[in-house]
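These are the structures in question, set out in turn.
You will see chain A twice below: alongside chain B first, and alongside chain C after that.
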Partner chain A sequence: MRWRAVPISAWVGMAGLALAIFCALFAPWIAPFGEREVVGDIWLPMGGDYLLGTDNLGRDLLSRLIYGAQTTISVALAATVLAFCMGVFLSFTAAVVGGWTDQGLSRVNDLMMSIPTLIFALIVLAVLPQELWILVAVIAVLESTRVFRLGRAVALDITVMEFVEAARLRGEGRQWIIFREILPNALSPLLAEFGLRFAFAVLFLSTLSFLGLGIQPPEADWGGIVKDNKDGIIFGIPAALIPGAAIAGLAICVNLVVDWLLNRTSSLKGGRGDG
Partner chain B sequence: MADLLEVRDLKIGATAYPPGEPPQDITIVHGVSFTLRKGRVLGLIGESGAGKSTIGLAALAYGRGGVRITGGEVRLDGENILALGGPGIRGIRGSRVCYVAQSAAAAFNPAHRLGDQVVEAAVRHGSLTRQAAWERSRYLFGVLGLPDPDSFGRRYPHQVSGGQLQRAMTAMALCPGPELIVFDEPTTALDVTTQIDVLAAIKRAIDETHTAALYITHDLAVVAQVSDDIMVLRHGHMVEYGPVQQIIEAPQEDYTRELVSVRQIQKQEAGQQSDARIRIDGVDAAYSNHFKVLHDVSVHVPRGQTLAVVGESGSGKSTLARVITGLLPPSKGAVTFKDETLPPKFADRSKEQLRQIQMLYQMADTAMNPRQTVRDIVGRPLTFYFGLRGQEKTRRVAELLEQIEMGKGFIDRYPAELSGGQKQRVCIARALAAEPEVILCDEPTSALDPLVAAGILKLLMRLQAETQLSYLFITHDIATVRAIADSIAVMYQGRVVRFGPKSQVLSPPFDDYTDLLLKSVPEMRIGWLEEVLATRRMVSAGH
Partner chain C sequence: MPLAALLIQRLALSVLLMLAVSVVIFLGIEALPGDFAQTYLGQSATPQAVANIRQELGLDQPAVTRYFGWLGGVVQGDFGNSWASGSSVSRQIGLRLGNTLFLAFWAALVSVPLAISLGMLAVHYRGRWPDRLINVVSLGAISLPEFFVGYILILFVAVQGNWVTFPSTVYDGMSFGQRLEAIVLPCATLVLVVLAHMMRMTRAAILNVMSSPYVETAELKGLDTLRIIARHAAPNAVAPIITVVALNLAYLVVGVVVVEVVFVYPGMGQYMVDAVTVRDLPVVQACGLIFAAVYILLNMSADILAILANPRLRHPR
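Let's turn to the complex of A and B:
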């Protein structure tokens, strides 16, 4: 890969991502105050000891943001990875096996996709106990329907290729065909989709937290911080906008990187990546 | 008479993007010069990558996909069209110089009627009124021998056959009354029996309209029928340029001599043909929509010999291979290997049965996983069938590469880093790795250049002599059949119309279809087309 060929937009995206991941990894060392520590009056303005001011309970907003990055990114990442494992495996199985298996899986997937995701998540999360792994699983299941769609379309194109036919005629099993013949050729579009899905997972988690069904207080999470401080907007206090900007920024950065990846992989269609 | 087209020292460049290296500027045409007079036809011939299409498009001052004309002159009636700006060139393209593409099916817009597309250029350029253009298109449809010329233009592209579509495209090029037409492999994608009609139509249309033409093809026998002069190209260099007669009968350069003689490999037919490896008995086969493609097919492939299955597209020859491999279970009849009846579905066959029958595909590109190296591609059957691993496997892969005349250096390459012929060789190595008794070859040479194809055929013959392999060789090319077959099955509309030893199948008395097929194969001799057309006319007059 040639670094000079990487466009500026991709550099911006990668820098933003790197910053967010750095915050998430080293939160306890770089945050000036503790996550739950009340340090002063409520909604103090920016500046002084508190770079971004304080929140509705008088906690340092910058520290909450940094700790929030940890929760938001790790939950979104876990959900996206899980969604991909499920979606890719099921969609490739559907494409390779075909027939009734394909029909069954695809129709169930259509059914899932026909229910509005937010309403589905609200109902399920309201019923089930509020635990982190359940939250991750619900986001993963909902995201995996989108992955399934893409995965099946990509895999169908590849299963009709002659090298897959050659592998079948050799007598290869389904595992080999899925993981050795199809997966390496489907990797580029899937990777690009991974970036997009990650951005959606961040947004979705933030939405849920804002509605009170995501990460539970007092743990910090970007969507939750917006919710905590939303009343401040009436009094002209910008505390709710800062985590909102962080969410938007992360989503944009991920998309910038994904755009570049898509460009790079589509121009190599049929050939082999030089990375 | 003055020259209509004069190309002087034409240089064309492009930018290449080799994997893992910075982009490089490469030259694809190195100073080619020729002249073309009014009403004459110049054949441009060469293998793929010779630059023939690029030169053809340069006559329209056009460079396809990043190709740049870097030097030289293209003079049309004395005027250098490369120096013209956008509007000037637009005035020439589609009115004074027209282009006929290889794939008419892809070049026509399926949403519009043929007639509207045929007259479009002439009307847009204002050279004819819509009415006059339609009038002319009807005349041209007649000249090109299209059925029902008065109403042909009202049809949509999907309502006519491939050969008719190619002729309609020729009509489109002729409609504005151009001075020059560039034909870019107009018959390459057609069956031989269709090709001959299109060739005859093109030749007649050129004669009638006195248009000059550049005829681009890789088939010397075809170009010998239609052109007055021939230019042989290789790697963007001119190899030889002269009148047809001289190029065909007295070629000066080694490369031209090779091209002329490439179709002359002949295999001595094996005498004893009863020891069958694969026997197909009374097979009927249909696809899931109940469209029956094979009717009562019975053939056999003897040990260490080649059965050539010939026929045009849609005759069911590839379906026959799918039945043998078990991809399409027959609805009636059976496939027998040695003396054992094979289960109809490949999924029910044992590993050993699968190993015995290997397959070679037409497109070696799609037959290999682009993300695997040659080591993985050739090595997988070794691990899968024989449990070879590590050092032992590498040694065997190297041996196989040696056997296909490629050497160890290719072991870590990806398919994208191989040429067309090398890819097909790797596919052969993969088939050999399974140590099969039978290889089914589905047109393995038809996508390759003639010299490369000849190399592959020679390799297959050598392997057969060494290891007593049996081939079922599917092809539409009679020259290939002559080169390799011991026995021949001629297929037409899903039936075997003729089956037997080569000498018997290729000698009279013929059935109607075999006769038509054999007569349609272009021969490398001037005047062949006229002879065939004359006998055809006599036959039809006699009926």
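Let's turn to the complex of A and C:
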């Protein structure tokens, strides 16, 4: 791969992602104040000791934002990874086995997808206790339905190839066919999908937290910080916009990188980049 | 298969899907752990008090009996009573559904023509700066969460500009004009949120058609652009564009939930979120079912309109 061929937009995206991941990894060392430390008056303006001002309880907004990066990114990443493990495994199994297994899995998936994601999450979260792992699981299950649809379509195209037939005739088991024959050939569309799903998970988690159903206070996460500070908007205090911009920025960066990846893979196959 | 049979089949499938969804929403919820009575009474609840509440709400009966009781009511437009307030869910929904549809209707009315014309503009200037500008801006806009767009509008238009009022409350006795004025900001937020997506999909759908062999033939034949678009490209692009529009209208229904909370707009979304926080299941189930029904209905209309617009779909391979 030539580095000069990478467009500027992809570099911007990767730089943004690197910054966010750096903040998430080293939050305790870079954050000027503690996550829950009350340092001053409420809603102090930007500048001075508090670069981004303080929040609705007088906590340093920059510190909360940095700690929030940790929570938001790790929860979204965990949910996306889990969604991919489930979605890829089930969709490949459906494509390889076919018949009733495929029918059953696909119809259940159709049913899950016929209820809008947010509505489904709201219904489920109305019953389940508010715990972190449950939140991750709910987001993962909902995301895996989208992964399943793509994974099945991709795998169906590959299962009819000669090398898969050859492997079958060789007497390889199902696990081998899924992980050694199909998975390596499906990686590039799945990688792009992983990026998109991650961006979606960040937005989804933030939306849930904003509605008060995601990460529970006093833990900081970007959607939650928006919720904490939304009442300031009426008084013209922009504190709620900063975490909102962080969410948007992260999602835009992921999209820029994915856009480049998609263009790159489609041009490798000789297809039109913009089709 | 004749057209009528195909349409009836789609309808029947949707009805079946609705039934399956109602089972998921009712029985699926029952299978999950968690108990309203326990949550409602808190840590110090005595077993007797919990049992009393359960009996009062009918929770001591078997789930299947309650499901059919619930479904029977739903078919007659009765969603039961709210656990939290004890009032009729259907009444509340009757008041709020209209508000939500009013908001979604105006958002759709603005966004659909705008998205399609922008998409066509992008195709017309394919590869040149208007296309690139539209591409970059829309890629950014897709990534914006609804609440971010909403609060930016509130801060700059309502608070600093003071051009419209916030929150966007509507109530009985408001005139049509007043109502429209109240929903300007939530409507603008929804439009911004769905516009980018709808436009990108429209652009892709038209580009797909424009790169097909018959359009190339028409070009080589020497027809002028307008004629190619009107006679050859447009009829074939109608089906994908209809799908795009219906899918995004379905998305609008979901976007409404967050936007209503941001703008404190008295609609279904606000009602549902409030109910979820206090675990008021009858309300959550009713709202969930209605949102899912609208979503399924829109997807079904997309299917049917696509079949009507494209005869090739009537003969599945």
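Assume the second predicted complex is superposed on the first by the 269 of 275 C-alpha atoms of A that agree within 3 Å, B and C clash if a C-alpha of one lies under 4 Å from a C-alpha of the other, contacts with A are read in each partner's own complex, and residues count from 1 in each chain.
Quick note on the criterion: contacts are C-beta pairs under 8 Å (C-beta built on N, C-alpha and C of every residue); 3 or more make two chains touch, one makes a residue touch a chain.
Only a predicted model underlies this, so the values are computations on that prediction, with no experimental measurement involved.
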Exercise for the section: Based on the superposed arrangement, let me know which partner A:185 touches: chain B (first), chain C (second), both, or neither? Expected result: first
Problem - Which of chain B and chain C A:145 touches, first, second, both or neither - result: neither
Exercise for the section: State whether chain B or chain C is in contact with more residues of chain A in the superposed arrangement. Expected result: C
Exercise for the section: Using the touch definition from the top, say if A:72 reaches chain B (first), chain C (second), both or neither. Expected result: neither
Exercise for the section: Would you sort A:118 into first (chain B), second (chain C), both or neither based on which partner it touches? Expected result: second
Practice task
State whether A:172 touches chain B only (first), chain C only (second), both chains, or neither.
Solution key: first
Completion exercise
Overlap of the chain B and chain C interfaces on chain A comprises residues 272, 274
Handout entry: Interface residues, chain A side, partner chain C - complex
Key = 9, 110-111, 114-120, 122-129, 199, 203, 206-207, 210-213, 223, 226, 230, 233-236, 238, 240-241, 244-245, 247-248, 251-252, 254-256, 259, 272, 274-275
Problem - chain B partner contacts - residues on chain A that touch it in the complex - result: 2, 161-163, 165-166, 168-172, 180-181, 184-185, 270-272, 274
Fill in the blank from the handout: In their shared complex, chain A is touched by residues of chain C numbered 17, 20-21, 24-25, 29, 32-34, 126-127, 136, 139-140, 142-148, 151-152, 154-155, 159-160, 166, 204, 207-208, 211, 250-251, 253-254, 257-258, 261-262, 272-273, 275-277, 279-281, 284-285, 287-288, 291-292, 295-296, 299
Handout entry: Residue ranges of chain B in contact with chain A within the complex
Key = 19-20, 22, 325-327, 346, 349, 351, 354-355, 359, 361, 363, 366-372, 380-381, 384, 414, 416, 430, 434
